[in-house]
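Here the structure comes first, spelled out in structure tokens, and everything after it is commentary.
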């Protein structure tokens, strides 16, 4: 069985997912495309040699009977509208993050999905599909380090452009950690605090950089995440889980260890796109397999909502300098 | 375009490749199967839900007009016969190692292929498709360590069964190194020497274990490979390339670094099947892509011949205790 | 010239320092001993074969004209009294930590020393004498990582006995970090906050374990220290300094990397005494050299005071759950 | 008790040892000096502020009644003469390597020492005093890796000057490995073979570089040592011992792990003098302690002889291209 997929939004990420489905993944085919810029949709169609129809609008595409599943990869502000429409049409939908630009938007999606009686939505958080994070999750779940008590983490970029401002450290950067720690720990956050170390001279004026975000979970696990987006030296994702009986670290990306020029070392990545490149393939294949099996198992709408609510609290904590509560109902059985 | 594949030999490796083509890879489909045990072919067909025909014999399968490419995964002694038959039928063929059980058999295949005027054969050496070896090759080719002068390598298994005897250290174990170093260095061997360290108490009586194989290449690069198949501690493949300006090491397999029980460490593999598991997918996808593009680029018949000739010299060196010449003509342009 | 040393307090640490001076270090000799338990002083004298006099009391010992320098290694409550007495006698004094059991006691010592017009006191903080910390300090001072912005640190013990209660996490454990970070960063603290992660099941009832202590410095550097004294796996001191241009880590203690039992790893220490054992020698040799050259350069009374004031604020922060100010005047020129 | 030491040869190494004895080590004092260049002896005396007499000749110095022990640090060709003279005078002697410039010279020393009935000689092989090699020896002796079967080693220098010719790869470079492996393995060599990889373009015309020396021991252990003295990247000593149950590696020198400029790495040494600098202190302190206790335990004359005999065989193997026997009687009980 080949899943027939429609893509709403053929910008960089939409085009990339279409390419992935066409050339790399198995079990699916892109048969419908749309974009606010229809030329872009036509270009993707011809670049990939797709046997696909171009639709003037996402709603038309969703309505098409042959479409089994929809990719929502348009700009964030339109996510909610198309995800809800897909749910109402009873179609599976893979939505790039953010699920919606507001927590309320996420709630609307959750409600629509629960009302539909069926899990239809996967959110584009790719870290749970990274081989390193999977090993880390397996290690925790195996009990090898005992109960997790703390996570020390870092999310570092070599540099960011001038338009990157302080709240983006949460919404664009930390958002991945907010999702992945819930999954790693099988836990929810109860509070957030943000402190601002001395600012690096390499940061533009509108971003406090670095920042340290401290989270507490329901089970009492404490997480500190250094967000440092002008660290100069590379793109670097660190995650160390301290348990009652040991500590497990996220592996470094595979690299050649070299002895050269009085250095014993290995290259670090500098471009974030290289870090999780394999995870995108695994993520979308998992969505295709989930649709094929009528059983989505990846990050769901509730994960999207939890990330949104947590991010809002972190931004509030950035502004207040206080410990801010993160209030989220228990995960409904529907999403377990 | 979907490549139609026939599988000759549906034992463990044949069944695994059929599964791979069906569930994981793109662009190909298994439409024909045969095995000396026809029940086995039927079982693979039904297990994978294939829309495939079962043939009484490899020659019938090769003859079928719809088959674009053949997988030769039967027992080694029959490889030559079916590979030559596929070549004569003008069909692409992926042959598991060994290409043939004798150097002469390999020569016969090379001759048939050259006579056909077209590169049709890929041999199942998977290490060039391993992400670590690819990084190592890229590092060497980039000139980062200057001209390679030496390789220090090791091939270690936790243990081997009683039927594993000394020559198998060459034919079954070192064979992978014999292929991969030629590729890494873009060079050929001129001689081999084997020395026998003190034997481990864990080795059975009919195998000298460990062994050290020393190779010299045309360019003068010296290679030493420790073959140690009862090393107890794990399955471990080491490769360190010493160049004029630096040293590059094959990466360790990705693993969680853990602090536990007064140890800072990471788990080593114990089963060889886990070490190159991803490489098998990449290898066979590359064959499918090569058939699709009518341009095979993986390990070819000449590689198979070179491995066979080199292995014979190594076995001779095991027996003689002398430095034995490895005589191989220059690679024909046909195979460059 | 041989420095003549008197030792006040011949318990474990005093006896060890006497041994060190006698057998390992150069330029000094123990000629006087005292202890509340005079038998203990006699035992040290005879064990080491010292040509030393036993005094009934520290004040008698200090008064002896031949004594050039005094080691105060009696119990903490008596430190202030003997250090002040030594200062008043114009004699050099090496005082084991704590310099005094209260910040006020430290202030009294500072005042006495400044009144004497001469730097006479070295406090027994040994980490600045550890080869790893020295490399880290050199790296920071070289500018290799740019200005330090953050420190992520950990102080972990395998386990602690039942009498170890929460404030000891500050006074006995964190105290070393409180001293060494001031030295590493050449900076002072302005505030402390303590948070309590989920408690490990291995901790006794009267200690919150682990704890995370967060410090801010005058220059704005943020420090987080995980204090985890029942971590089970070993004795482990971690310190990672994040600068504007790179990150430098305290080296792991030297160890054999071993491949064994499916593990690639190295042994971790389990006993804190092994971790800084070399640093004790270097520390006391530096004191002897400082006395010889009439120029002490090690941790001074002001360091002792700073540690005491900072520790008090951390304990207050443990209790309040709030961010507590650390108020310390600028370091007087006398101590620069 | 303070050991009174006379130094024969006040060049770089002699002056350095005199400084060491005077400023760093305990239990000894330099009271006599001589050198073919008497000005050099006077300079060392005044630089170190020694209360020492200058003698016109080594024999006069040895004859002086107050001298307990002699350091022979003059040029190699004179070692034998002064070591034998010291033995005949019944005085302890620390002789820098080589013990003598010929195997026969070493034999003469061994005979003189055995005739004296007392172990009086320590040879300046410092690697057994290196903390890393000591850990490696302890690991082997603990049985943690089982019986040693192989050693893979390397001795690499960044570059050597034009006067460094091929045999020096043995006499000046490999000589340290020849001594340290005997000690590590508690074994003797029976044969040597040398092969010459492709020559690096960075080597001068009169040195084959790199070289690989292969040794076999009485117990059958096989050792390969890469000697690469123009490796460009640093000074690097590698030693990996493969045992029946695991592998143990010589630790890397302590270094700061840094993340900087897209590199995760640590600095390598470039100057050989930095690599074993601590070992020189420990070595000479051990000699002083041995003299004090009338019981030398360091590298002895037999070690010096064994190194000389082995080195001669390696040079012969360089020239012949053959496997050359290393013939050495069993270690006499006198030297066990």
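Residue numbering begins at 1 within each chain, and the chains themselves are lettered A, B, C and D in the order written.
FYI, a residue touches a chain if its C-beta (ideal position, glycine included) is under 8 Å from a C-beta of that chain, and two chains touch if they have at least 3 such contacts.
Just so you know, these numbers come straight off a predicted model, no measurement behind them.
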Shared interface partners, meaning chains that touch subunit C and subunit D: A, B
Chains contacting each of subunit A and subunit D, listed by label: B, C
Most remote chain, CA-based centroid, reference being subunit B: C
Comparison of A-B and B-D by number of C-beta pairs in contact, larger one: B-D
Centre-of-Cα separation between subunit C and subunit B, whole angstrom: 59
Euclidean distance of C-alpha centroids - subunit B vs subunit D, Å: 45
Approximate Å spacing (C-alpha centroids) for the pair subunit A, subunit B: 38
Where subunit A touches two or more other chains, by residue: 233, 245-247, 255, 259-261
For the subunit B and subunit D complex, residues of the former touching the latter: 146-147, 149-150, 152, 195-202, 210, 212, 214, 216, 219-222, 224, 226, 228, 231-233, 242, 244-247
Sites on subunit D touched by subunit C in the complex: 23-26, 131-132, 135-136, 139, 144-145, 245-251, 254-261
Subunit D - residues contacting subunit A, complex: 233-234, 236, 252, 255, 259-270
